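Data block below; observations after.
By written order: A, B, C, D and E. Residues from 1 in each chain.
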Amino acid sequence: MLTNEKLLGIGGLQRKALLAGLIGCVVALLGGLLLGERGDKIFESFLIAFLLCFGLGAGSMACMVLHHLCGGGWSFLIQRICEAGSRTLWFFFVLGILILLGGLYSGSLYEWSDLAFRQAHHIVENKERFLNPSTFTVCFLVYFAIWFAIATLYNRWSKQLDATGNHSYLAAMKVCAGPCLILYVLSMTFAATHWAMSLEPEWFSTIYGAWMIAGYNLTVIAFAILMLTYLKDEPGIKERIQTKHYHHLGNFLLGFTIFWTYISFSQFLIIWNGNLPEEIGFYIHRTDGGLTTILLILMIFNWFVPMMVLLMRRQKTDLRKLRRIAIYTLVMRFFDMYWNIAPSFPDHHGKIVPSTLILSAAATIGIGGLWFYIYLNELKKRPLTPQQDPRGELMFYEEEHSHA
Amino acid sequence: MAQVFPRSANVLVRAGIASSVLLVSVLTLVAAGMYQSPLVNSMKIAKAQPIPFSHQRHVGGNGMDCRYCHTSVDSSNFAGVPPTETCMTCHSQILTDAPMLQPVHESWKNGTPIEWTRIYDLPDFVYFDHSVHIAKGVGCTTCHGAIDQMRLTHKATNLYMGWCLQCHRAPEKFLRPQDKVFDVEWKAPRNQIEEGLRLVKENNVNVGQLTNCSICHR
Amino acid sequence: MAHQEHHTDEAQVFGLIAEFDEADQLLSAASKAYAAGYRTMDAYSPFPIHGLSEAIGFNKTYVSLFTLIGGLSGTATAIFMQWFASSIHYPYHIGGKPFFSWPSFMPITFELTILFGAFSALGSMLLLNGLPRHHHPVFNAKRFERASNDGFFLCIEQTDVQYDKEKTTAFLQGLNPVEVSEVLD
Amino acid sequence: MKTNTMNAAEFTSQGHWRTLAACAACMLALMGCHPDMWNQPRFAALQKSGFFTDGRASRDPVPGTIQYDGQRRPWKSAVFEGISGGQLTVPSIMDDTFYTGRQGEGFKADNYFPVSAELLARGRERYDVTCTPCHGFAGDGFGVVTRRGFPNPPSFHIDRLREVEDGYLFDVMTNGFGRMYSYAARVTPEDRWAIAAYIRALQFSQYAPLDTVPADVKEAILNPQPVVENPADSSAAHH
Amino acid sequence: MEARIKTVPPVLKAVAPLMEDGHSHESISRAVSDVVLEMPMPRPWYATISVGLILLSILGISTAILFWEGLGLWGINNPVGWGFAIVNLVWWIGIGHAGTLISAILLLFNQDWRTAINRFAEAMTLFAVMCAGIFPLLHVGRPWAIFFILPYPNTMALWPQFRSPLLWDVFAISTYFTVSLLFWYTGLIPDLATLRDRMPKGIARSIYGFFALGWRGSARHWFRYEMAYILLGGMSAPLVVSVHTIVSFDFAVSVIPGWHTTIFPPYFVAGAIYSGFAMVLTIMIPAREWFGMKDFITLRHLDNMAKVMLATGLVVCYGYGCELFFAWYSGSDYERTMMWYRGFESPFAWVYLCLLLCNLVTPQFLWIKWMRITPIPLFIISIIVNIGMWLERFVIVVTSLRRDYLPSSWGTYTPTIFDWAAYIGSIGLFLTMMCLFVKFLPMISIFELRLQHHLMKRGEIR
């Protein structure tokens, strides 16, 4: 449990988050209503914000499961941070209904939702069995059902482990982790295809799901670092945390940064070199106009700078520096998502639309703020570290002696 | 424990490392130098011919034009090696008894060809056309050297692709006006680049295309 | 094994060497020797012992710096080479791609960075360590063949300012070694 | 009859010992020998063939082949365009006058082409290349080979040759005359016509009426100046 | 020394310790180096090297004939111009990924279980890369002119094509081989010193001593050595990923349906690790029996390697799934048709189905713990995975090429006896090299085992 003192502190943070969330949402809504015909601007900017913030929910869940699969000391400390994230999936479910299904059925987001469009485009018609409103809706429900199931199971087992100290729960979590991760990866791949890739219905890329997952990993590890640096003086964490853990987390941030770059660059290089008319449009839409600037920003600031910084040991062991890089990474995630999603909209091809950029930033603050409010609520509900997990003790013990 | 190696091993090993580095660099230099040597490219080496034909005498001494013998140089890819008939045009009257011209007279009598030794032999995967080079203003001596001073003919250039590319990349350094193409005494003027650029334009030399693979490898 | 082949009379002394049974003993012996003011000494062990080099007052290595420089020079070489070859020296059109096709140049740039970096890492390690050095006085030490097996040695060299045969021998004896012996050069 | 190819000298691609040594050196230098690409299974012009007993890859026509166009080789159309001023259609291979210089029973009196500056320029170039060794640049029969012992050919400026038809000049070039060999294989018909036109110009140059000389040249002819090597030098010598 | 580790609950307990009890530094040194110094080679070793040499001579003879006659001896022709040569190249390169991965990535991630297997795996990497290197060399048809692909100032004033993935491959594979060699040799230096010091006087001692570079285990040396070693590891880790990524670019950068797929880079890398670990298991399971290394290569190592194999196998399956689904999702007739041919209509459809059986179904057995820690089934699974991965490359190369866009460029591929000879021969080379390696070099890193022993005694690892 959080201490009272910190609780108040967090309460302050929570209020701020709520306020920022409301303001962001209102700005994005009003702006969208004023600027867009049929309010489509609302859906566009909220879609970007949704897909970005969704990484916090889904990624947290994946990170939590991963910990049970192979985790050691480093992930023990962010376990509850991730668990709380996985309990906020309902928020994204509600948002998904509003944004994804709302955008779909109002015809403002997905070109293919229009029957006439599908019939006019041979390639889209070919995949009609996947790209049609009812499949979309059913799949939407299935994806969330899977994620709810995983999140619920693990949260329940974790709670029961806390309460009883019965190691069979631990065993169950370990055994289920593999299959659950497989389910997560598969469902995320399809979800990414449905929700984001189909914005350009004629384009496809096999790595897209992995790209999305890599981005979400990056999001969640940066977020976890941020939370851990914030909570480092809390009981449960305070006794255990050591420089080594920051070092590990910094390494993971580095690893995921490189992984994200690797995936992004591979996709780019293959499509750019192939230069096929049915594919290259994706990158033309994203490099024409001023969009190369964003690409450059991503290359330099989302890959090169963090990589160089994180290669230095000092940066990973110094808390303030590590936190700074984590915040910075989260900001870069916004540019990445904007660059990925926004140019897909037909009137955004090959140009930066300032209104969308601003509105999606507002929407990100809006959704992010509201989510953070809910997240902190969830975080407060449980102790910050698992209480009866033997790994905590083992880790504590091990660390004590390795520095002897 | 006793030493495994004597004290001298330290110096020997280090000297060995240093000298093998040196050896590799020297070998590299030698190999590089070898490619420029006649041993490999047979440049500047006159080859024996059935008749010691002297370009120096015919071109330098008599002032004959290249095209008198190499008749197809400006109209075909092959410059043409003169048939015995061409030799006999004059040598039916001049030096008729000279022993060195015996093969010519024999060839004329028997109709057997004279077997000249080829000096300029491009690989078969290179497409080369004399006429286009003449038409664009590449002079004979640019590739064949000071032919008017050669007693026995030798290769004046190494014919490496890099050598070809010198001109194909920057033809303005070599092009001449049309009336100087067969001039064996032509020297590049001071304003060659300027002049060359004018000729490049005038003769429609498409410089960008000259380095395309398929220009020479068809 | 310990039979001295040469230099029996006018042999120069390289130093005094103490052999230990355990890594931890060597570690504490090294710390004590450093604390006692000895500086020109070295510890020998059959595997890397954490903190041992710090214990004898050595904690700086430039290997990573050399590697960084090597790696960056690989990057520069690769980029220069590809830029020069493809855009300057022999530019030709392939598949409508620009002459300086940076995405296509990334793989080779990366490979050369690693290649140069790896050579620098190994090379600078050997160079700074003064290897190869096949003959070294310490190999004359008694039972030194165990240094690559299960022996742990601490050698205080004769050039140390505090070196004094009797005192240093006594000091080393006090560290509870298996044996202390003189190493001839 | 002797044709171009029959008398042709041949190239041999057989290696000299140096080539072998060079090859060996190449191998050593890891360059590797790949003669299979260097010498592909086809014949270049005048290459040696091991198949035929006379060693020539360029073959004569099979005996008994009826000649279709004789020496009527295709002309270079660009040259033809230039010298005909673009006015004539390309002569057919059946056009005897163009290929023989004969018209009816006798020779064609004037040139096949309308005489133009281009025609004369072309003729001059070809004349300088082909004819000057014997006939000399002025057409006076004192070419360079006459100094080496070749009997002087007649000057173009004698009356007999001034009076012959253009077609006759063409015929001599085509078929040879006296010690002069045929040039049919070395000079294309249109070039021969051009040379004929140029010979006419040479002849005219020796007998030109003074009125036809341009004014400035005329002045120089009428008042010849003493030959001064270099005016600058001579003035310098005075001072 | 007191036991410092608290009792580990059964749920978290590893299947076996990193090293069996009862060892000392001396016994470790003896056990490993005696294979080189004392031990007569066991009978299976002679059998293996005989087989290896026979196959190697097949390689030699077939290569000589191939050089003499030319590439027409192979079954390649338009449109399938890549055939066995590239299949084998990718297969061997993939196998060659395990070594550096084990050494480098596990080093970076502080995985203690790498110690006992890294030397072996690195040696395997080197030999696999050698085997891989043969194939492009033969495939160019004129191996004596292969230096044309190197960028150096030449008489042709010409440069290789830096925009071609095939050239990236040249750089990637040669860098990979060089860096792996450096890494391997760096790891060997202290062990060579051990061999030097344990050997009787003689030429062999001088040779080992020469390559030990006069290593004397000084603390200063160790300090720099460890730094250099971790740096080499840090550089090798992304290198190993880049190499198979670049191999995948050979295919993906083209526009052939079945090749031009963005999932290829991670999917190839995972496949490489998958087959690499399979090969490590294939040769390590018998080797630990024959040479008495069971104390050091315990069931824990087998278990962990099997887990890595399972994980990467699943990634590979994800790749298959993505290929299938997105071929359909693309809506492109070419992509769909290619996939349809691959699975059903081509004469090689059975190969595709076999590959699914080998790579998709078989690894699922590794979910069962018993399978992971029992040598014989694990050995069988690893063999099946090796075969499956070879089939995968065959499917990618052949089924994608045999149907080009236009029916005029449709054809098929039949490997000839020379294709098989080169393939089988490369296995001979691999076996021979492996046998020579275990005879002449310590197959386990001795100094790292000592360090591991030391840390275990101190209770820092378990």
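Note that a contact is a pair of C-beta atoms (placed from the backbone, for glycine too) under 8 Å apart; a residue touches a chain by one contact, two chains touch by 3 or more.
Computed from a predicted structure; not experimentally measured.
Chain pairs A-E and C-E differ in how many C-beta pairs they share in contact, with the greater number at C-E. Centroid analysis (C-alpha atoms only) places D farthest from chain C.
With centres set at the average Cα position, the gap from chain A to chain B is 68 Å. Chain geometry summary: the mean Cα position of chain B and that of chain C are 58 Å apart.
In this assembly, the C-alpha centroid of chain A lies 85 Å from the C-alpha centroid of chain D. Centroids built from CA atoms put chain C at 45 Å from chain A.
For chain B, residues that reach two or more other chains under the stated contact definition are 1, 4-5, 10, 13, 35, 165. In chain A, the positions touching at least two other chains are 269, 273, 275. Contact with two or more other chains is made by residues 157-158, 165, 196-197, 209-210, 214, 238, 245, 249 of chain E.
Here chain A touches chain E in the complex through residues 122-127, 130, 167-168, 170-171, 174, 178, 182, 185-186, 189, 193, 202, 204-210, 251, 258, 262-263, 266-267, 269-271, 273-276, 278, 390-391, 393-394, 397-398, 401-402, going by the rule given at the top.
Contact residues on chain C toward chain B in their complex (touch as defined above): 1-3, 5, 90-92, 132-135, 139-145. Interface residues of chain B, counted against chain E in their complex, comprise 1, 4-5, 10, 13, 35, 158, 160-163, 165-166. Residues 265, 268-269, 272-273, 275 of chain A are the ones that touch chain C when the two sit in their complex. Interface residues of chain C, counted against chain E in their complex, comprise 23, 30, 42-49, 52-53, 55-56, 58-59, 61, 63-64, 67, 71, 81-82, 85-86, 89-90, 94-95, 97, 101, 104-105, 107-108, 110-112, 114-115, 117-119, 121-122, 124-126, 128-129, 131-136, 138-139, 144-150.
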